[in-house]
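Before we start, here is the structure in question, set down as structure tokens.
For clarity, chains are labelled A, B and C in written order, and residue numbers in each chain start from 1.
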Amino acid sequence: MLGIRDLSREEIILVLDTADSFIEVSTREIKKVPTLRGKTIVNLFYEASTRTRTSFEIAGKRLSADTINISSTTSSVVKGETLIDTARNLEAMNPDVIIIRHSAAGAPHLLAGLVKQSVINAGDGAHEHPTQALLDMMTIRAKKGRIENLRIAIVGDIAHSRVARSNIYGLKTMGAQVAVAGPATMLPRDMEHMGVEVHSSLEKALAGADVVMMLRIQIERQHQNIFPSLREYARHFCLNRQNIALAKQDVLVMHPGPINRGVEIAPEIADGPFSVILNQVTNGVAVRMALLYLLTGGKG
Amino acid sequence: MLGIRDLSREEIILVLDTADSFIEVSTREIKKVPTLRGKTIVNLFYEASTRTRTSFEIAGKRLSADTINISSTTSSVVKGETLIDTARNLEAMNPDVIIIRHSAAGAPHLLAGLVKQSVINAGDGAHEHPTQALLDMMTIRAKKGRIENLRIAIVGDIAHSRVARSNIYGLKTMGAQVAVAGPATMLPRDMEHMGVEVHSSLEKALAGADVVMMLRIQIERQHQNIFPSLREYARHFCLNRQNIALAKQDVLVMHPGPINRGVEIAPEIADGPFSVILNQVTNGVAVRMALLYLLTGGKG
Amino acid sequence: MLGIRDLSREEIILVLDTADSFIEVSTREIKKVPTLRGKTIVNLFYEASTRTRTSFEIAGKRLSADTINISSTTSSVVKGETLIDTARNLEAMNPDVIIIRHSAAGAPHLLAGLVKQSVINAGDGAHEHPTQALLDMMTIRAKKGRIENLRIAIVGDIAHSRVARSNIYGLKTMGAQVAVAGPATMLPRDMEHMGVEVHSSLEKALAGADVVMMLRIQIERQHQNIFPSLREYARHFCLNRQNIALAKQDVLVMHPGPINRGVEIAPEIADGPFSVILNQVTNGVAVRMALLYLLTGGKG
């Protein structure tokens, strides 16, 4: 499970259907099924993350798997071990699934090529973040009943966003119309070939949208000067009470988190009636349970 | 479970009685009961801690709960996510209990106001550390048979100690007489309104004490210059063989740890016959098991 | 379980036989046995480690124990608590086994002298790393059918290697012939008294070897200038296609990891047909399962 690009429409539907069936487990009195008892799941995180690591860990535990966390700060990474050797060593300990987040695009593919275990990409550089796209599609489908033919706006640093990239692949595969918007420096050049509308204005992307996904501005990368200032960014690309009126009346507002309130999204929108941001988080646990289940031999 | 201040005498007794019943689990061959199977417990620690985090984690596991650790260094905190958003995200993953330690007083209350889950305060700034006070009261009750009418001296940096504050609330509620002592810069002003004796001399607080709680001097905060020097502090406020003779013959010596031997307590006292410091640690696991049990619907 | 030096031939055989019987658990569909259900195992790591910590954690979980990780960066170590107080506090929480890695030689022995729990040394300074030696001996025995009378070369920084020290004790006890090689600054003085051949040339140690263990050069300690340069080291002590021909035709190549490819071992050797480096990792889980089992009362 390395990227959405590799998934067919049928495979995406299988994951979403399976995830739908797992949503109920997390609402039970006893939030645990014995499905993955005796399986070992390794969370190999080379980048900091609360929600993704926690979501995978909770997903594994609710399936009764054993979960092992390895983060780069406490690992042999400080001894300079290569990802290749780490991978081979982990493989030799016979885990069932390795979940990897890495700052380098392609790291999960490298890992998957080396080990016999299933590998899940939990975000690789600016490349893909497939479980985020799956939970996003699950959320859209649950709220709208379908993904096909919806108009979906994705706004922010499109060029550097793995969330945007995975969603574009998945949403296009599922038959949605995708429009992206962002400052010129944040727009990739080749997007139109993918059948995606590209706008340098938030308003144009928002017009008639069924769903709007606001991306997180990576404030910590500001020094790279790809945009003039946060204030400037917010003035043109912050989703707020005014510009949201351009979207459909029942628009869904999504965000992968963590949110920069007042930068890419106004607080009253993030916490308002259109927001399904917390549904995304809840669905994230179910999507990850579904993937762990399917990758360890479960039938959808 | 945010602070001892909010607890009635009956509630404190309920927790202590329940904790007494859990003490035995940790001495069994198989140290585990299925009580919290399928429950998810999150340890959300924004400050370093060995004993408190470990104690909660062991408590959760001995009740068969799934435990998830989140520490500030590896979490989205580095991405600048607010506590509010972290809380809402955790809530969306449906844990059953969130345990929080935070350097800001009131953080657990903020969290509890936001999420539907039970929240346990594992120490918030200089405000409260309720599980410490409960394990202290459990230890006193186990050794003395009661708390009421005992004379209890608390010595050290009273003004900045969440351990002192929680104990004062609890011990007063349970009918003890409390005397505090410390250098003038470490004594809060309003203590006498709470029915607490305030002394600037260790000896006066010790006189006739049934119990003496020595607080940890936070050496790492020394640069704030609230006291002249460690040597100066130790000369006046270190519990040692001489001054302990002022207390009752069967005095209990307590300390929340980690100990600075030779600063607030002489090694021979910390490790001597009056010390119940390690009983406190053992009781800490039982008190935390009791709270987890009661907060997830268990009957005392 | 503090060092190999303390183990008799019979004890080593007991551990290896028990480990052999656990190897199969990690290949099952459900990789878990209920043997240590309700036991608490603490991983107390004062030094970074991926493979050793993960190996112990997986071993514990496959035996159904509860595992608690404590690493120095998040522990009370930052508050300056001594190892002695940490040990006593852990003991008071009633774990069953404490596994410790520490940069100071003798730290596990100090711990074992203080607590009633079983202590496993997971590496102490330049002193011992007994579980590494046991997994090495398990690997040799599995591949060669015996350890006795084999000629085993250990190459690298012998003087500062806990892996070398533990293996020398164990291999000598098991009746092997041991030859060590390394630059003069990396050879201890007293080795010949232990019945070990000492060579300043790789080739002499390799001659006729059944097994060659290449030690990791600690690049991060290079500034200590115990050797001229990595290039210089590699020129004389890197195991490669040429010099390996001096060993027996069915030589086993071992390395404790992490590997510095091109420094102490050529990539084609590390990944070549003689290499059993990943078998070592697999056997590491089994050896650790065996020790946890035996130390908590299991019969071999």
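In this section, a contact is a pair of C-beta atoms (placed from the backbone, for glycine too) under 8 Å apart; a residue touches a chain by one contact, two chains touch by 3 or more.
No experiment lies behind these values; they were computed from the predicted model shown.
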Problem set entry | Superposing rotation of subunit A relative to subunit C, computed on C-alpha atoms, to nearest 5° | 120
Problem set entry | Same vs different contact residues, subunit B with subunit C, by half of numbers used | different
For this session: Just give me the whole-number Å value for how far the CA centre of subunit B lies from that of subunit C.
Result: 40
Seminar exercise, completed: Multi-partner residues in subunit C (2 or more other chains touched) are 73
Exercise. Given the complex with subunit A, which residues does subunit B contribute to the contact?
Worked result: 37-40, 42, 66, 68, 70, 73-82, 85-86, 88-96
Exercise. Which subunit A residues qualify as touching subunit B in the complex?
Worked result: 26-32, 45, 48-51, 53-55, 57-58, 61-62, 71, 73, 219-220, 257-261, 278-279, 281-282, 284-285
